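Think of it as A, B, C, D, E, F, G and H in the order they're written, each chain with its own count starting at 1.
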Amino acid sequence: MNKHRLKMILEQVQDGHLDVNDACRMFETLPFEDLGFAKLDTHRAVRDNFPEVVFCEGKTVEQIVTIFQRLYLENDLVIGTRVESKVYAAVREQIPEIQYQEPAGVLYARRTPAVPFGAATVISAGTADLPVAEEAAVCLEIMGVKVGRVYDVGVAGIHRLLNEVQTINQSQVVIVVAGMEGALASVVGGLTKRPVIAVPTSVGYGASFNGLAALLTMLNSCAGGVGVVNIDNGYGAAALAVAILRTFNG
Amino acid sequence: MNKHRLKMILEQVQDGHLDVNDACRMFETLPFEDLGFAKLDTHRAVRDNFPEVVFCEGKTVEQIVTIFQRLYLENDLVIGTRVESKVYAAVREQIPEIQYQEPAGVLYARRTPAVPFGAATVISAGTADLPVAEEAAVCLEIMGVKVGRVYDVGVAGIHRLLNEVQTINQSQVVIVVAGMEGALASVVGGLTKRPVIAVPTSVGYGASFNGLAALLTMLNSCAGGVGVVNIDNGYGAAALAVAILRTFNG
Amino acid sequence: MNKHRLKMILEQVQDGHLDVNDACRMFETLPFEDLGFAKLDTHRAVRDNFPEVVFCEGKTVEQIVTIFQRLYLENDLVIGTRVESKVYAAVREQIPEIQYQEPAGVLYARRTPAVPFGAATVISAGTADLPVAEEAAVCLEIMGVKVGRVYDVGVAGIHRLLNEVQTINQSQVVIVVAGMEGALASVVGGLTKRPVIAVPTSVGYGASFNGLAALLTMLNSCAGGVGVVNIDNGYGAAALAVAILRTFNG
Amino acid sequence: MNKHRLKMILEQVQDGHLDVNDACRMFETLPFEDLGFAKLDTHRAVRDNFPEVVFCEGKTVEQIVTIFQRLYLENDLVIGTRVESKVYAAVREQIPEIQYQEPAGVLYARRTPAVPFGAATVISAGTADLPVAEEAAVCLEIMGVKVGRVYDVGVAGIHRLLNEVQTINQSQVVIVVAGMEGALASVVGGLTKRPVIAVPTSVGYGASFNGLAALLTMLNSCAGGVGVVNIDNGYGAAALAVAILRTFNG
Amino acid sequence: MNKHRLKMILEQVQDGHLDVNDACRMFETLPFEDLGFAKLDTHRAVRDNFPEVVFCEGKTVEQIVTIFQRLYLENDLVIGTRVESKVYAAVREQIPEIQYQEPAGVLYARRTPAVPFGAATVISAGTADLPVAEEAAVCLEIMGVKVGRVYDVGVAGIHRLLNEVQTINQSQVVIVVAGMEGALASVVGGLTKRPVIAVPTSVGYGASFNGLAALLTMLNSCAGGVGVVNIDNGYGAAALAVAILRTFNG
Amino acid sequence: MNKHRLKMILEQVQDGHLDVNDACRMFETLPFEDLGFAKLDTHRAVRDNFPEVVFCEGKTVEQIVTIFQRLYLENDLVIGTRVESKVYAAVREQIPEIQYQEPAGVLYARRTPAVPFGAATVISAGTADLPVAEEAAVCLEIMGVKVGRVYDVGVAGIHRLLNEVQTINQSQVVIVVAGMEGALASVVGGLTKRPVIAVPTSVGYGASFNGLAALLTMLNSCAGGVGVVNIDNGYGAAALAVAILRTFNG
Amino acid sequence: MNKHRLKMILEQVQDGHLDVNDACRMFETLPFEDLGFAKLDTHRAVRDNFPEVVFCEGKTVEQIVTIFQRLYLENDLVIGTRVESKVYAAVREQIPEIQYQEPAGVLYARRTPAVPFGAATVISAGTADLPVAEEAAVCLEIMGVKVGRVYDVGVAGIHRLLNEVQTINQSQVVIVVAGMEGALASVVGGLTKRPVIAVPTSVGYGASFNGLAALLTMLNSCAGGVGVVNIDNGYGAAALAVAILRTFNG
Amino acid sequence: MNKHRLKMILEQVQDGHLDVNDACRMFETLPFEDLGFAKLDTHRAVRDNFPEVVFCEGKTVEQIVTIFQRLYLENDLVIGTRVESKVYAAVREQIPEIQYQEPAGVLYARRTPAVPFGAATVISAGTADLPVAEEAAVCLEIMGVKVGRVYDVGVAGIHRLLNEVQTINQSQVVIVVAGMEGALASVVGGLTKRPVIAVPTSVGYGASFNGLAALLTMLNSCAGGVGVVNIDNGYGAAALAVAILRTFNG
């Protein structure tokens, strides 16, 4: 059927009954050949907001070096998350311009500078949540987003957070990173009209069940405008923030 | 000591200063003999801070009427929790002085007025948490505790709570009742030095898992001074509050 | 201390040593008196993107009628979710202009028309997910967002979804509603650069555990740019979408 | 009773009233003596489709060497799964013809070549799922099944999978290996009429709960024709595939 | 790019440099235009082994009647599962040839008789598992599969099962339906070389957790060749069995 | 009764037939007066069926040596469970007669030989369950129970178990040790009238969830006469078996 | 093979080389023909300690009447559990000698009186646990076991339990029935040397999770000699108790 | 608006229409400027009952040394929990007066002695619960609370606990620390009128699920007056106890 229709169109082109441009437009209206589809075939960087990001936890130093070399051949920007500091030296021998952000555990190399766009605030509850918060913040900055950091403003001392409300509201997207009971997302959600991306962390012990408590808290947030990503997924929060910011910042 | 007292009694019997029957009765008031133990045998009202409290959910109207009649014969104060309004009329026919607090679902009768002692604040997050909050508040009031109510101060609108901090700190014990994500307990715990009793409620849906989310939140509270009772257990919070207040208010 | 500082400033104003405008600026730099804070005191509609939304499940017809009457006195727009059709007639007797969207279960009344802004697509997997999808769609439309609906495009017949990629990419925010295994969120996340708000539904049986399976699927999405809200929380997805759209369509 | 009946038959044989062959047939119709039962007593290789497969995780190098030696004395084919590379050298000293497939972690020795039968496709979502996918693929190949590999076709880039539909449909059984959200099984199930064996993997973090998320996703698959095996159980998928293929490929 | 290539091909056709048939073949080698893809566009009955099956639980009598009427206009075979007996009469008024299998809760109508193919055995543990077992059996029979039923052979009386081993092995696929502890799947898996499809049921109480215990049992089966479907999903087992049988029985 | 005895003693004191000091001593031998109570005050070996058993997992070699020395001073029999082999040498330097059973991980020393009583069978499913099975078996033997071992009779090869039914029925108590899906307990429960003590083990992976699957299976056993102990708790099974055997074997 | 051996034996009998009795004995030593096996073929009452017990929850009055009539034709004793009182009247019309124990919900009929044997104590924590405790007690009494009841001795008032220790120790088996936190099993286990069968009940609310809390408590009991059955499974406890008592009381 | 009102007040002060003291009072009645709020700005030691307590688990020796040095510059009292012994030496080199309590794992330094107030009893079930019990006890003692220790009184030997009832009742707050089944909290709650703070520990194995069993037990306690803190959270129990004791002991 589809094949039949295809042949008919081609024969009309051959016979001169159909203009090439009109034929093109017809193909676009055929299922799977439309513009939305064309994107499927192009490279990931076109379809996604982020380049390929390598999740390095559980990979050996050698594996990471190899992956980075190969990816950097084909791309202008390569990013790795959950990278330990010892990996940095090894990769640098191969890619001298590689950069490493320690608390974030983010390793990246780039050939072209980022084009600035958008503004986000990353808020974290406790000092132990810092690596996840920084993973989000650094990934955003690599992509060109201006990041405001509001750290160590856990709800047990809520006045520290209240002092930062104005700062928070001046950004376009807010990322809240919290472990233990994760109540910070609800409180921030109640203080701002901005979209809030909540990242539960595995910080805590006992009945925190490795982040489950914070995850459930955030999903049940009584404040509106809160979306949740996976436990400890700082990069995932950045990816959602970039999706939001890219849509509106051109 | 105990041994000493035993010997004294026996010597009085030996000397004929004490009748065997009187000695028997004395032993009966000792039972399990030492002071720590004596309490075990006396009635519940002596050992516990609360009289027998009837959990009425799942009992028929007839069963509740019968239990109240029997208990009120033996006690000056009878309390029932989770009582539906239709039970009230039925019990009143038998016990005219019975009283019913509707949102709390608490039914009680008393012969002697409560002796006032202590002050507590009951804080609730949303209107749907009201029945549990009132169960706690009414149970406290029946026991003689002065109760301040700070309702509908969920963390999504935290300014409402902040306005009440002074009131909260003027009481001796704070009960926080919250469903959904239960973040209120942490926020209150961060605002007061008073002991906080947290009651998760089953209010919510989806990933609240009937109160599990609020329960975990409260157990993982990043604020100090928070103890947690069972889901929807307003009476349990009151019982702990009374235990605290009785210890120090004579 | 704070009080002391306050008095000092006031005395300087009284003495003419301090200009009123300078004093204002000083208050702004004091904690809690800044602009961000001022918002805390204003009404919900100023701080939030949505007006007060009444969650009607579990409330009686009488209760809902009363709440709607009271809220509509004070607000220009009142919205109720999870409303059964029988409630509609009862509320209409009091508020003739009340409107009801049946599959969505949304009841609302308004005095001023919505100001159009933004465009969202709501995608749902199966017909049983419709009520949740419609709750999201109708809430968006009430707020003034243009909504495209792409329904019944479950991953078991993925070609139906592929035909809609272009439509999806023309909106600014995408909401994906799916129960059972909830795989649709990942697939959509892989097909678009737009921010994706995933709503797991309780549709399913057995090991769907009332939406837990879909929830976990969405949280673990291998595609970037996906944020998750609570199970069956169509309104929550709309609230997050409005937060995103308001930020940029200001 | 049974004993009584037994004696009766034997006496009839003794008396010549019953032929030995007829008596045999009678025994076969007695419970437990039928052909189905006979199999119970024969060796595993007759009853099962697979030879004894040694699960090596948690065993020492010495233990594995010993087990392989003993089993290879009695069998023509010995297979071990979850074998680390260091074990290979140690076993090879004892069994020179031993073979090792590294990414799969499968160690095996055979005396007779496999008889080819059947065709399966093994599909995996991400590179981290490779060891499990290869465990399935290598186990199938050892048994004589022709295996097509379609790797790294996660649903976040669904066009890669769509390109392989024809290949998939040319095999007789499809194994889908996926961690994180495990959505691939549903998508493949919707693209093929072939039986799909889904293997959730423990790949992921946070709310993947070591494979639970993928497991639930696969059990709730909205696509028909999907059966699920245990988390990371590549061999189990191969065993089910062989059971299917053996039934029909003689 | 894709568009560019398209235009180039069309211009070559227009210019006569490219034959229509050669152009067709080129399109086929373009992604998404191959035969595998063509299937995506055809109707469900071509791609799936089963026709549309209506899950009737939770739908009103009126809704089911409407759905059956519409589907039966477009299809020769319509099937509904989880149908209560009262629905049967209502549908029969509209579709006189409708048939209903009571313990299975399966309602169906057909215009053309089923073409027989394949043989399956359905085994169930207890009488309470019967509805699920019958849902599987009846769905198979409607599709044309010959079904052997081995019911009430729970492992607590394993001799009953042992008597049926021969029968079981004469079929091509085995479905095992069991609730409570679900041990039957492992036992059957150990007795047969046939592929075993395990269906946990929600039969049980207490720590059966609505089928979770049986589900976990089956997933951890120590016997090889077992694939598991969702709790109570008799139809799902039939769908997988049909996928297997169709692949090999033409 | 108790009262009666009290009165008798008091009357004897009154009459001068009983010295006050002797009466005191009599009261002391009563404590909590009746015989059942007296046991409370005596040593553990009197009240319990087992001597103090040291759970050694997580303790250092030094700690275990110290504990064994102290306990062996006061007791004739000392037992430790979950003991690694390296501990054996260290303890033997202090207690030369110490004995160690390796697969069981049980370390013990005794001064008086066990008095034989009772007979138990320990059945295990797979070789990986051996340590737990042996912990149960060795603990029983140390106490004097005759133990029959029926190992490696998993339900995947049920004929091996069927061959042992007679042996099993000749003992007085049966312990079934199984991991993975734990189906063996149900099968054994269906084959014997003896009390069955089921021990789930943490053997397995993935959805065995460290023994949870086997635990649930055993709790939901469709066979009667099965009691369950904690996961991997071989000693606990032995303790229950000894409680049963002691009651009846005097 | 087996068949071959069978034939050989039969031929030897035919030839007179083998005595019928010797042949019988040989068959007994063949796998599956031994005495243990013979039992498999006999009726349930021979193999099990209990007759068929009908679990009536979820069955209609008509179904129960029919099942009781059929079973009572073939057996001398029929028992049903979880029977509502309305069923009693209906069954009595068919079986006049039927008896019903209300709090237990046990319905039974018998032709021959029970032969007394053994003694058990049933202990329950709260009044709400009574139905489960009575199910256990009545089932035991029907089988002929002498039952002591020690009810309402929850650990919150432990002195009530301490008074009953002597009574408890005079029985041979102890059943402990408790909901909420289920701590009673540990306390009883610490007070007696008798085997303790623990029955968690679903009594409680909130974090009792329908009996899960009590179940886990009992499985983790720090006291030895405790075996656990399923939640609310009073009959199961009785079945285990009877298995123990039968073994030793002939 | 708020700004406007602020300006108005200041202008009235400037104009002399408003007294400075009256203005101060007006500010106090403005939201957030009241006394309750002032506290928000003061240091943690004013608002909290405890100084900053450092959770040291997971921190390196270097990090802990640095944190202690910095905190001890600003505070008179610094406390660390979950500290390993090797950290002690390192910190002592910098802070010679540092003290370390080994079983508790608590490290602290102070310049001013604690002011004694209040009395608490810490009760623990088993020796393995000691570290958590000591964490609670030592933290209390550092704050100035008199601590009575009642250790190793698990419910399996309840007489040991009964002997200590008098001691327990002489304190003002009771902390109960128990792992495994955690039944001790209920038993203590039934023996005393004092407030009971229950600390579940992760001591146990198998179905203790790292403290979940004990946690659920304590939350479901049938005894009144029990509040629960997180698993292993000895410090949290101390914090709640101090909150209670501070409220009443000035």
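One rule holds for everything that comes next: a contact is a pair of C-beta atoms (placed from the backbone, for glycine too) under 8 Å apart; a residue touches a chain by one contact, two chains touch by 3 or more.
Just so we're clear, the structure is a prediction, and the values are computed from it rather than from any experiment.
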item: Where chain B and chain C overlap in contact partners, by chain label; value: A, H
item: Selected interface, F-H versus A-E, where C-beta contact pairs are more numerous; value: A-E
item: Duplicate of the B-C contact set - from A-E, C-D or E-G, the pair where over half of the pairs recur; value: E-G
item: Cα-superposition angle relating the copies chain H and chain A, to nearest 5°; value: 90
item: Reference chain B; chain at largest CA-centroid distance; value: D
item: Chain centre separation (chain F, chain G; CA means) in Å; value: 23
item: Mean-CA-position distance for chain D and chain A (Å); value: 39
item: Chain A and chain B: spacing of chain centres that average the CA atoms, whole Å; value: 49
item: Multi-partner residues of chain D (at least 2 other chains); value: 31-32, 37, 40-41, 47, 157-159, 190-191, 206-208, 212, 215, 219-220, 224, 230-231
item: Chain pairs that touch, as defined at the top of this document; value: A-B, A-C, A-D, A-E, A-H, B-C, B-F, B-G, B-H, C-D, C-E, C-H, D-E, D-F, D-G, E-F, E-G, F-G, F-H, G-H
item: Touch list for chain F against partner chain D, complex; value: 128, 157-159, 162, 205-208
item: Residues on chain H engaged by chain B in the complex (per definition of touch); value: 31-32, 34-37, 39-40, 47-50, 162-169, 172-173, 190-191, 193-197, 215, 219-220, 224-231, 236, 239-240, 242-244, 246-249
item: Chain D residues touching chain C - in the complex, by the definition given at the top; value: 125-126, 154-158, 180-183, 186-187, 189-191, 204, 206-209, 212-214, 216-224
item: In the complex with chain F, residue positions of chain B that touch it; value: 3, 6-7, 10-11, 13-14, 16, 20, 23-24, 27-28, 32
item: Sites on chain E touched by chain C in the complex; value: 40-41, 44, 47, 57-58, 200, 202, 210-212, 215, 230-233
